[in-house]
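Labels A, B, C, D, E and F are assigned to the chains in the order they are written; within every chain, residues are numbered from 1.
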Amino acid sequence: MRVKTGIKGLDEMLNGGLLPGRVVLISGPTGSGKTILGVQFIYNGIKYFDEPGIFITLEQSKKKIKEDMRALGMDLDELGDKFRLIGGPIAKIKYNKEKTKAKLEDFIKEVEEVVKEVGAKRVVIDSINLFLLLFKTDEEKRRALLELTETLSRLNCTALLTCEVRENTFDISWWGFEQFVVDGVITLYNVKQGSIFQQGIAIRKMRGTKHVKDIVPYRITDKGIVVYPEEPWLAIEKKK
Amino acid sequence: MRVKTGIKGLDEMLNGGLLPGRVVLISGPTGSGKTILGVQFIYNGIKYFDEPGIFITLEQSKKKIKEDMRALGMDLDELGDKFRLIGGPIAKIKYNKEKTKAKLEDFIKEVEEVVKEVGAKRVVIDSINLFLLLFKTDEEKRRALLELTETLSRLNCTALLTCEVRENTFDISWWGFEQFVVDGVITLYNVKQGSIFQQGIAIRKMRGTKHVKDIVPYRITDKGIVVYPEEPWLAIEKKK
Amino acid sequence: MRVKTGIKGLDEMLNGGLLPGRVVLISGPTGSGKTILGVQFIYNGIKYFDEPGIFITLEQSKKKIKEDMRALGMDLDELGDKFRLIGGPIAKIKYNKEKTKAKLEDFIKEVEEVVKEVGAKRVVIDSINLFLLLFKTDEEKRRALLELTETLSRLNCTALLTCEVRENTFDISWWGFEQFVVDGVITLYNVKQGSIFQQGIAIRKMRGTKHVKDIVPYRITDKGIVVYPEEPWLAIEKKK
Amino acid sequence: MRVKTGIKGLDEMLNGGLLPGRVVLISGPTGSGKTILGVQFIYNGIKYFDEPGIFITLEQSKKKIKEDMRALGMDLDELGDKFRLIGGPIAKIKYNKEKTKAKLEDFIKEVEEVVKEVGAKRVVIDSINLFLLLFKTDEEKRRALLELTETLSRLNCTALLTCEVRENTFDISWWGFEQFVVDGVITLYNVKQGSIFQQGIAIRKMRGTKHVKDIVPYRITDKGIVVYPEEPWLAIEKKK
Amino acid sequence: MRVKTGIKGLDEMLNGGLLPGRVVLISGPTGSGKTILGVQFIYNGIKYFDEPGIFITLEQSKKKIKEDMRALGMDLDELGDKFRLIGGPIAKIKYNKEKTKAKLEDFIKEVEEVVKEVGAKRVVIDSINLFLLLFKTDEEKRRALLELTETLSRLNCTALLTCEVRENTFDISWWGFEQFVVDGVITLYNVKQGSIFQQGIAIRKMRGTKHVKDIVPYRITDKGIVVYPEEPWLAIEKKK
Amino acid sequence: MRVKTGIKGLDEMLNGGLLPGRVVLISGPTGSGKTILGVQFIYNGIKYFDEPGIFITLEQSKKKIKEDMRALGMDLDELGDKFRLIGGPIAKIKYNKEKTKAKLEDFIKEVEEVVKEVGAKRVVIDSINLFLLLFKTDEEKRRALLELTETLSRLNCTALLTCEVRENTFDISWWGFEQFVVDGVITLYNVKQGSIFQQGIAIRKMRGTKHVKDIVPYRITDKGIVVYPEEPWLAIEKKK
């Protein structure tokens, strides 16, 4: 039983889809379409696979998310009770700044409640960078991510955590350890070749399943992200 | 409904202009013309699109800004009541050094008041680097930028935040996280090829709209910045 | 007397297998198959060489480990009393955060008890990164690793410690000193060539035995990791 | 009305000279001739344009400066009342180490007094690195530079601030923010090509005026710095 | 009078051997054979040159050292009274953690006593990295190394200090200052060329004697390290 | 009036020699011969130019310095009253660790006394790295170097300060600011080309005099350092 993203090329690369109950990092630089991919995962889940889902935005207002997705042909308002868009938990958390433990528990509790209310099978957190900025030390960050990951798995949710990475690198996470504690990593690349940026997607890690290992091209189209697993990524090999 | 910058080539690249109420980072190295681009945005808004605007300068004196823009054919004094040039909030803020919270609130309050007075639809802050230097930790900086961004959106202003980046890099921000919380990023490049510097502009991220993804050339002319979306950026591909 | 990994090509490279009672680092980036290699070492030990073994997972739940390994043809539940899968000591340790010394002693004591119960000859700790994150300073980390290593040797266990390394580097450990105190280092490489990732394995250090020094290819197949010592690693030499 | 440096090629590049009342950074690595350029600016100002000037040396003794400049054909002692060479304010400041605010105010006050005494139109501070080392945090440094810059502009002085940069980089300042708060940046390059160092000068930023953007060659001759705007910088393009 | 290492090619490179009473750093990455070279120096000293020696191991147990060296044809047990293998001073030192001064004095005293007991002319400390980890600041580390070096010289011992360096660099020490205070530096290189690692040795500094300056190949054979000063190091020049 | 180093090729490059009373940095990596060059400067001064000199060694014992120099044909003991070799001030200073100010004053006072006793015209401090390690912050280090430099100039001594730099870089100092406060910088290069190290010398800065700017080859011969200003440095241009 696979959890299909509904993005055809990507499901092919994943040998049918994601494994249920797993947590996957979606990493990529600014403007690579991580938010769009996350919304497609939730939207397609509800529309085509009857799986309720929640989208947690820590970066943008709910209003802007809706506007932007409408421009891509996804009307989030028509999803009804099977969808929940949560905006701004980052704001609520900020008032008890010192109490790291409290922050984490509040956040996890809120996620847990909404998952149960909606009966969500899919969860997206956009982005994990802002979530992790709430914690000071590397150990606290790692522990927070571990607890979040375990909670999502325990709730039987298949989850995507978007993760912004530095420009012009082949990094797969921001802090350097996010990839340790998740079950999979999908990376979006945006490589400058002369005056052009080439976009490619790769599955860097996916526990428990076979998958395509190469980088393949994708494009952000009028209907969201489309992946082309049959095409070569860089027509002209990058000279560096 | 698009918010036109009035810089023809740039509006083309943006598929007509910016989305209203969005906040966009203008990043680039020293001498790339960020201030000029910001003033053009405000000046053109008032002159050609009847949208009042304010320009907040944290780096230069108002006197110098006016002199420099006059040399580019933009007489800021003729804009009248629809324009406000605010100089030196950074200076005012400095006396209550320890009170980070107070600093932020004062600044945001001042911006809010002036926006309302003028009925501003456009705001430029030049530069966000100096604004963020007021805050100590990365978390404080990020939070300050988030609140500023949300305030500007709430006021229905389309805003440009200029952002100085390090020389000789393809970085898109100074602190590395500014791009997370804004709606778009336009980057100015200044690439040394032998003894010549080549200037190029790219839209690295622009939520909610299609846009050109390539780097295209621009020049700082007698009339300000001109963008050439039809020309190739680097005639001779950079060897590195 | 050699301790065979049961991975044919790897045992060949090792001149017959590992030396008994030695501790070996298995380092590699995300998605390189370190966990799989570790499970194979334990599974093959019990199935083919009658050596009981324990697998200590600090990253994943026991449930997921079992699922993933079943997909690779290894049913961990059929191993019976000769096997022990320990999950989550990292969670138990977390409540006495400040007492570094206590943490280390508790962990080592737990390992020691289980080794004796099972009569284990083989031990895998997956991963050493998370174990070392429990200790603050470099000196504490090094000391903890030294004591762990000495305990495992004293118990006559041949042990593998998996170690995640940064992407796109030829690093052989995360903190930079793990390799000092172990008896051997086997490194998994995952090198991007254009749009393809090439996987290779090398024995970077192995005290007390001759071994192959070159990087040779390996693949993650339906039956786990397979090493090809006769094949060249990179058909096309990497241009960088 | 332009403020001529009296260095012919440089004035050409600047479209006639500097703008009055502006502060310009002269950055370059060790041995690139920043001090010489600074003295030429002051010396030529007095000799050929009747503009009094002061040279503030924080690095060298006044005696050495005079000796070195005499070797380049500039006798500073013949300049009379229109010139003032201030040596060693850095030494005076050191006794009230903790009082950052006091240090800054004392320094600025001293500069202000001497400027008024001499009726100086030109000021050189050599170097800004040592000045900024007096302040601890980046915020203090930036603020100090901002106040210094504003003072010099308020006094209607055209000022050059020399700024040492790291070897073998294309950096344009030491701390990375000096260029934010000045009106212009002129950079001296010293690029190793095999066993030869090639010297080049570029105007990286100059608010309010058109200017040449390319790097052009210069040489340190018996009469100080000479700039060759018509010659190509690197006969043989640097391979890197 | 030279102190021969007994490694023929190396003694040739050293113009006959080491100078008596000097302290030499043996630096190299993991798996380059530093421990083997150190043991050969002591073993050959006793067997062929009648010079007693002590080997201080801070990384490995004495048992493992003996096993590993036996596999290379060196039976340390047959060396009798002229040899002393000291294992684990690092362990003893750990109980008085805070007393840096005490730690150093205890260690030096222990070394001094054993040197006198055995009448040692040769000393190896394997590795200096672990020794230096006992000290917190760079100044303390440097001072500790300086006192150790002076003690060894005062005792008329010729000493080798092994020093692990980072992978894939041409570094010659770990902390960056070890080379300042020793009399010589011999570096082992392990350079990846495609899928092969090439091993080379070079004398980077050797006060008071002529020596070969080039990198020459060496191999770890059944009898320990063999150096080939007549062969070229890299058949195919490394492309980088 | 020039202060000749007595190293023929170097004096040529310097247009006759150093300027009297100036302080010059001699920087270079481990094994590049900085100590030898320093001793030659003092030795030649006394033997051929009748200028008394002192050599301050902070790294090595006096005994070793003498042995090493004798091997290069320089018998320091025959120099008599015109020479003073000071060893180990670093050791004396260590007992009043906290009193940075005292340390500096003691050191400078000692230098001053010996200079007067001997009537020294030349001083070498080998190395400035160890001297600067006595001071904690960058500001303290810079100030200490500034006071040392001023003292040496005040005493009319021409001084060389040796400065170890990192391997495999083109750095010209260790801390990055030493070059600011001295009057000249001479750098020794040691560049790896395949398996060979090529040694070259360059005058990177020399206030008050014309000088050769290129890198020229030098060798450490039986008689010390010899510079070849007529030969090309790298026969085969370094490919990087």
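Here is the rule we go by: contacts are C-beta pairs under 8 Å (C-beta built on N, C-alpha and C of every residue); 3 or more make two chains touch, one makes a residue touch a chain.
The model shown is predicted, which means the values in this text are computed figures rather than measured ones.
*Asks:* Smallest number of touch links from chain D to reach chain E?
*Replies:* 2
*Asks:* According to the touch definition, list the chains common to the neighbour sets of chain A and chain D.
*Replies:* Chains touching both chain A and chain D: B.
*Asks:* Taking each chain's centre as the mean of its C-alpha atoms, give the chain farthest from chain A.
*Replies:* F
*Asks:* What's the rotation angle, in degrees and to the nearest 5, for a C-alpha fit of chain E onto chain F?
*Replies:* In short, 60 degrees.
*Asks:* Using only Cα atoms to place each chain's centre, name the chain farthest from chain B.
*Replies:* Farthest by centroid: E.
*Asks:* As a quick test, compute the distance in whole Å between the mean CA positions of chain A and chain C.
*Replies:* Result: the chain centres lie 29 Å from each other.
*Asks:* Distance from the CA centroid of chain B to that of chain C, rounded to the nearest Å?
*Replies:* Here the centre of chain C sits 51 Å away from the centre of chain B.
*Asks:* Round to the nearest whole Å and give the separation of the Cα centres of chain B and chain E.
*Replies:* Centres of chain B and chain E (C-alpha means) sit 59 Å apart.
*Asks:* Chain B: which residues touch two or more other chains?
*Replies:* 240
*Asks:* Which word fits how the chains touch one another: line, ring, star, complete or other?
*Replies:* Its topology is that of a ring.
*Asks:* From chain B, moving on to its ring neighbour chain D, which chains come in turn until the ring closes?
*Replies:* B, D, F, E, C, A
*Asks:* Okay, in this complex, where on chain C does chain E touch?
*Replies:* These residues of chain C touch chain E: 19, 22, 138-139, 142-143, 146, 150, 153, 169-172, 176-177, 179-181, 183, 185, 200, 202, 204-210, 213-216, 232-234, 237-238, 240.
*Asks:* Quick one: which bits of chain A touch chain B in the complex? Just the residue numbers, please.
*Replies:* 30-31, 35, 59-61, 64, 67-68, 71, 90, 94, 127, 129-130, 133-134, 164, 166-168, 192, 194-197, 222, 240
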